[in-house]
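What follows is a set of structures for review.
Each of the next two complexes has chain A plus one more chain, namely chain B in the first and chain C in the second.
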Partner chain A sequence: MSSELSAVLQLAALIGALALVYRPLGDYLAAVYRSGRHLRAERWIYRCVGADPDTAMRWPAYLRGVLAFSGVSVLFLYLLQRVQGGLPLSLGFSSITPAQAFNTAASFVSNTNWQSYAGEQAMGHVVQTAGLAVQNFLSAAVGIAVAIALVRGFARSRTGELGNFWADLVRTVVRVLIPLSVIAAVVLVACGAIQNFAGIHEVGQLTGGSRQLNGGAVASQEAIKEIGTNGGGFFNANSAFPFENPNAFTNLFEIFLILVIPFALTRTFGVLVGNVRQGYAILAAMGLIWLGFTALMMWTEFHHGGPALQAAGGAMEGKEQRFGVGASSIFATSTTLTSTGAVDAMHSSFTGFGGGIALLGMMLGEIAPGGVGSGLYGMLVMAVIAVFIAGLMVGRTPEYLGKKIGSREIKLAACYILVTPALALGFTAVSMVLSTPPDSILNTAGNATGHSGAHGFSEVLYAFTSGANNNGSAFAGLGANTDWYNTTIGLAMLLGRFLPMVFVLALAGSLAEQKPVPETAGTLRTEKPLFAGLLVGAVIIVTGLTYFPALALGPMAEGLS
Partner chain B sequence: MTLLNGTARSTARLAGAALRALIALTVLCGVLYPLAVTGIAQAAFPHQANGSEVRADGRTAGSALIGQTYTLDRKDKAGNPLPDPKYFQPRPSAAGTNTVNTQYKILVSGGSNLAADSTVLSGQIKDRRRQIAAFNGVAPGAVPPDAVTASGSGVDPDISPAYATLQVTRVARANGLPRAEVARLVEDHTDGRALGFLGEPHVNVLELNIALQALARR
Partner chain C sequence: MSTTTPVRPALDGTSPHRHDPDGGRVSGGLFDPRQLLTSLPDAFRKLDPRVMAKSPVMFVVEIGSVLTTVLAATDPGDWFGWAITAWLWLTVLFANLAEAVAEGRGKAQADTLRKAKTDTEARRLADGGEERVPGTALRVGDLVVCEAGDVIPGDGDVVEGVASVDESAITGESAPVIRESGGDRCAVTGGTKVLSDRIVIKITARPGETFIDRMINLVEGAARQKTPNEIALNILLASLTIVFLLAVVTLQPFAIYAGAEQTMIVLTALLVCLIPTTIGALLSAIGIAGMDRLVQRNVLAMSGRAVEAAGDVSTLLLDKTGTITLGNRQAAEFVPVDGATEAELADAAQLSSLADETPEGRSIVVLAKEVYGLRARHEGELGHAASLTFVPFTAQTRMSGVDVDGTSVRKGAAGAVMAWVRERGGLIPADAQEKVDAISAAGGTPLLVAADGAGSPSVLGVIHLKDVVKEGMRERFDELRRMGIKTVMITGDNPLTAKAIAAEAGVDDFLAEATPEDKMALIKREQAGGKLVAMTGDGPKKAPALAPGRRRRGHETPARRPPRRPGTWSTWTPTRPSSSRSWRSANSC
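This part shows the complex of A and B:
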């Protein structure tokens, strides 16, 4: 069997598996957020919180819950890293410096999981399991909660009520993320991922002597890292490291875990708004972009353009033999089109176009299918834009799901769309202009090692795009553990996560207050393939117009040179 | 003023609720969950959960999942240890050593992150191709891509069947073994694609070298 055929079959198997669980998982999620019952574990948590899970919240209250919870989380995670040196079970690792601790706290709470540290040498058991992995659950749950609030905004009328934040948060953790993670973690361990608290220990080697290897709660962290589209690896090499991703099966399984909730949420959306075909249209737009990107990535990686990869005879730099080029390509697009950022191969060593595809995937705003929750609300905001564009074309007041898209709604959607590009491009520009930040670039024309300037620019653009879009993957050629990058990327991650949430919840509140407009012969049928096509077009045009100049300076210049 | 006090008070109340929620959920996700998974893992899959360690000659020979080096004590001009001709050699590694918490000596995993258009990477690849061809007595064009490129993890446990096959003649000669027997060993240790279509065919270098050692001692 050729590698190309194997890649296509892996893609087909992945799609088959996702299709199989789409309806059951999507329906289950819908039932979770509609349920009027509280489990005993949930009641125990509500009692701790001191919140009544049945109190309906309007959007400002919901937002205050999101911000207070996330703010406290940043502070807690920051402090945990700052005192690591004094904590038991931390392998005697020293405390993390203030700039790096801020960066890491912002990173994990914003579901980004950008890492300017190398896990195996910096983070002990307590910070990994009780700090970082906990935010893998909680940041994912916050994202899903906000998406559900927006869906309720479409589904409800003549009320401003979007549900209860604490109930949505706790249910997501207890009924969705924990059960899925337990199953996934056990599968990963069975295949070879490690799960112990051995710390750093000596392991004998074949030719004599021994080497120090890390132990740790890796499988449990790996499972939620993918399911919650987080991406922060226990090890520096992330899912390329065999203890995180031991074989080709676990590799495809991890890609499946990354995609399963973001895709299934379109079904949940359809069920909750009372028309599953509306969900299918969103799914079609997401699926089309994901498939197109994956096909392009495979093509360019198998083609192995670039002088160094031509000299090697294949694009295997930074890739693992057990996965090969095909599986690494599927992983790369799936991780950058969601907010995951886990990697099973080093994106910086991909072909010039391959790196550009990964970068463009993040620039789309991570909506195909996007991060857990954030993918759905991001795509729904794009749907609002698409409906608006269609409305302009025919000279009719735009409507979506029976709600008028008036000036307030379109302003909020436009603000949402402007936030991340402004952060990504603004910080990139400032970093290129200042004198010291460019020193962190590994692949530059200016330094003694003689690399292209285009790739160096891509490294910085990639870092801020990854941060502002809450992806967390890296063109790791950039030495990002400096005060400048730790601070600015930290800010980009926080603002890129929570400002859009403000606009989404405000939009949800405004939609929920409206009374529904009756459907007429002139209503745009948003459940039809035509609309899915229009949506894909809107996504590509908006992103293209925003980022084209920056892409031309970086990956396109490299790919064409 | 009372309004401001009211705002401050409600903010404090909210922050308190958020903190309590965080603590409760940390107990659930950060203590109970990892402990439960560890319990299941250690009970059901202790070998895998503890690092898939393999043994040879009654002692631990390493983890089957983590690549090792097979080098001589002698070094080349650049100060790198020379490869031991008696063993199958793994892929090149760009992993580094730890720079913080240096009471430990661990490998920090990772790739080179060098770009496809990097002249440094081109140079490395050309050097490796020349060295591997000379070391194994083959034509430079016969050296497969995985042999000249650094892996993503820096501890790739595997090589391609092509790279293993290329090393057979040299390994057989260095160990005084018939070429056909060593070639059969490589064949026996070649893992096809999982389920027939997942990933790429590969040869686990540690397991191959353990079998080779046993064969050489017979």
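This part shows the complex of A and C:
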């Protein structure tokens, strides 16, 4: 079997599996957020944190909940890392430096999971399990809660109330993320991923010498790492490491886990707004972009070309022998289009264009299908803009799902789309101008001038794009553990996560206050393929034009050279 | 004379009735090089940054132009810098020119309107006498007299008398129209001319706020406010401009790193290429030109908001009389009863209607002539003047007719005429009642005709009076339906008649025996479902039903003035649901 055919078959199996769980999972999620009942475990949690799960919140209250909860999480995670040296089960690792601790705290709370440390050489069991793994659940739940709030904004009228943040948060963790993670972890353990609290082992290497390796609760962290589109690996090599991702099946299974909730949320959206076909249109737009990117990535990786290939003599550089080009390509587009950032191959070693596709995937704003929750709300904001443009073409005040898109809605949507490009491009530009940050670009070897050229630029651009869009994957080759990168990327992650949430929740509040506009024959049909196409066009054009100059100087220059 | 004028389809630009090009209007769409030239100075005047700042996109281009000019001046030998500079300035100027041309068109149109508003002298009634005052001195509530040849000095209602008025100055329609006190035809417009008779007008508009003043302001663009969609679009364009500004500003550090530093001129040129200049440049020109076009089609929108609101209308209420139908019932058919011929009936019907000056009576004579070739006879042809007596219609007898040479002819309500025949010893044919009922069921009005010549009274037949639906209504309603607009006909007729007319005209729904309260209830019901309701009709008395929605809008009144004549001006009175948030925010912008 040729490797191309195997890739296509894997892709088909993946799509089949996603299609199979789409309806049941989407409907289940809708039922979770509609339910008026609290489980006993949930009631116990509410009592512990002193939250009333039944008060209906308007958007400022909901936002305060999101920000307060996340603020406390950042602080807790920061302190936990700072005192690691004194904690039990720390495997002898010392406390993390302030800049790196801030970066890591921001990273895990913002669902980015950018790692400027190597897991097996820095984090002990307590930080990994009680800090990082817990945030993997909570940050994902915050994203889903905000998305549900926006959906309620569309579904509700004349109220302004968006539900209860604490109920949404706790339910997401208790009823969705934990059960799914348990199932996924069991599957992963059964397939060979490790799950223990072992200490450090000295293991011999094929190339001679030895290295130190520690065990850990890997399978469980791996499960939520993918399900919550987090991406922070237990080990530095992330999903390329056999303890995290033992074989080709677990690789495909992990891709499935990454995509399952973001795609299913479109069904939830359709159910909650009372028209599942609206959800299908969003799904179609997401699916089209995801499939297109995957096909492009496979094509460019199979097609060879680019300096990495010429140097290594094959498109396998930076890819795992266990997975091959095809599976690595699917993984790479899935992880960059979902704000996951887990990797099973080194994106830096992809061909010039391949790296560009991964980069562009993040630049789209993580909306196809995007992170858990964040993908849905990101796509819905783009839908608001697409509806507005289309509405002007037909000469009616644009409306989406019975809500008028007026200047207030457009103002909020415009602010939303401004945030990430501003952060990504702004920080990259400053980093390129300053004298020291470019020194972190490591792979200047073999270059007489000590200048890393287009590839080096791509590394920096990738780092800030990844941070601002809450992806977390990295273009290897950038020594990001400096005070500059730890601080700026940390800021990019926090602002890139929570500023858009402010605008999304304000938008949700504004929509929920409106009276519904009845649908007439003149209403733009937002459940039709035409609209899905329009949405894809709006996404590609808005982001494409924003980042084109930067992409031209980075990956495209490299790919064409 | 008839008070009904031919209908001008307001929505249909291809109608042969459209304004004649010589009517003093500026035709749209034609490219006029002279206009470009005259607009050029305006285009330069608009380079003032204070004016440019209103359009953020073009403001950025102007700043870029200044920047490249300075840079090119510091390096005068660089032809590339000069070329870019010229190109950028041309871009800005073109945008300004487009706006200036649109405004220029509006101004030309306003000038022709101003001609209609020549300084008039008003004859104001005061303390039993008349005084001559300038038209501008008139206040609301003043009474003025206009006689044949006078120009009406201001907007008002006729409170006394009937006159024919030439309104070609504002409508472009040359046929004079009737304005009379009371009823739906009492409103007159300043600047129009009285052709006959004498009327007393009560002024209803302050000087400077009259119909013509508003029109002038509108077409000149002075009163043009940004519409909600325009504001939203501007926000989107501004945010795209910021995005691209970011992309270009950050490009320089990247380029320096890549060893390909670019000049400021190149970056400025790139920025201008990226930002949405085309839409940004033409947005206000589009707005002005749009208003201009509407006026050319005899649609007067009181603001851009009203136009946008009209685009959102989902329910349209139409008055039956004058809007859907021609306004008067007309004879459509002569139905003879057993024992009478159609010709006999037509002859008797015509005879009985000769003196009948009501539109219904006229239409009977017309039908008799058109269908049966019966010439209208003059009184002299009918024998001895002494034996000729016209019996007028009264509310008591409910019939009218004529007595001539010993023969009496009567036409009128079925019951009254039957009673008249029985009283004289005549018999009612068996099918008479049947035919009367059939016409009623079909939505028509039956008029029974009977004759009594030499003591043998007999019923001849029934005249079918019909509400005549204007031509092309069905097509127009189909068109509205395709646009997603539901049409509701409002009429005081009984449900049976209303249903028949509604079916013939093709409206979606109807409200029969409508009282103002019924109308209000209907509007409220539609609005409660979030729908935007518009009303159209030819009577000023019909608009108040929409008042609750209108009051909310403060100074914003999309269409205050009733149309001058049925069908000539389309009046849109869109109302928003009263608690709509979008209005509040729109007003605060």
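Criterion: the second predicted complex is superposed on the first by the 534 of 561 C-alpha atoms of A that agree within 3 Å, B and C clash if a C-alpha of one lies under 4 Å from a C-alpha of the other, contacts with A are read in each partner's own complex, and residues count from 1 in each chain.
The rule is simple: a residue touches a chain if its C-beta (ideal position, glycine included) is under 8 Å from a C-beta of that chain, and two chains touch if they have at least 3 such contacts.
Just so you know, these numbers come straight off a predicted model, no measurement behind them.
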item: Touched partner set for A:Ile417, first chain B, second chain C, both or neither; value: second
item: Touching partner for A:Ala429 - first (chain B), second (chain C), both, neither; value: second
item: First, second, both or neither for A:Gly522, with chain B first and chain C second; value: second
item: Touched partner set for A:Gly92, first chain B, second chain C, both or neither; value: first
item: Residue contacts on chain A - larger count, chain B or chain C; value: B
item: Partner chain(s) touched by A:Gly292 [first = chain B, second = chain C, both, neither]; value: neither
item: Contacts of A:Phe241 with chain B and chain C, given as first, second, both or neither; value: first
item: Partner chain(s) touched by A:Gly533 [first = chain B, second = chain C, both, neither]; value: neither
item: Chain A positions touched by chain B in one structure and by chain C in the second; value: 451, 454
item: Footprint of chain A on chain C - complex, ascending; value: 228-229, 231-233, 235-236, 238-240, 242-244, 246-260, 270, 274, 308, 311-312, 314, 481-486, 529-531, 577, 579-582, 585-586, 589
item: List of chain B residues in touch with chain A within their complex; value: 11, 14-26, 28-31, 33-34, 36-38, 40-42, 44-45, 48-53, 56, 59-63, 65-66, 68, 70-71, 84, 87, 91, 95, 98-101, 103-122, 125-126, 129, 144-146, 148-160, 193-200, 202, 206, 209-210, 213
item: Chain C-touching residues of chain A, taken from the complex the two chains share; value: 385, 388-389, 391-392, 395-398, 402, 404-411, 414-415, 417-418, 421-422, 425-426, 428-430, 432-433, 438, 451, 453-454, 457, 461, 513-518, 520-523, 542, 545-550, 553-554, 557
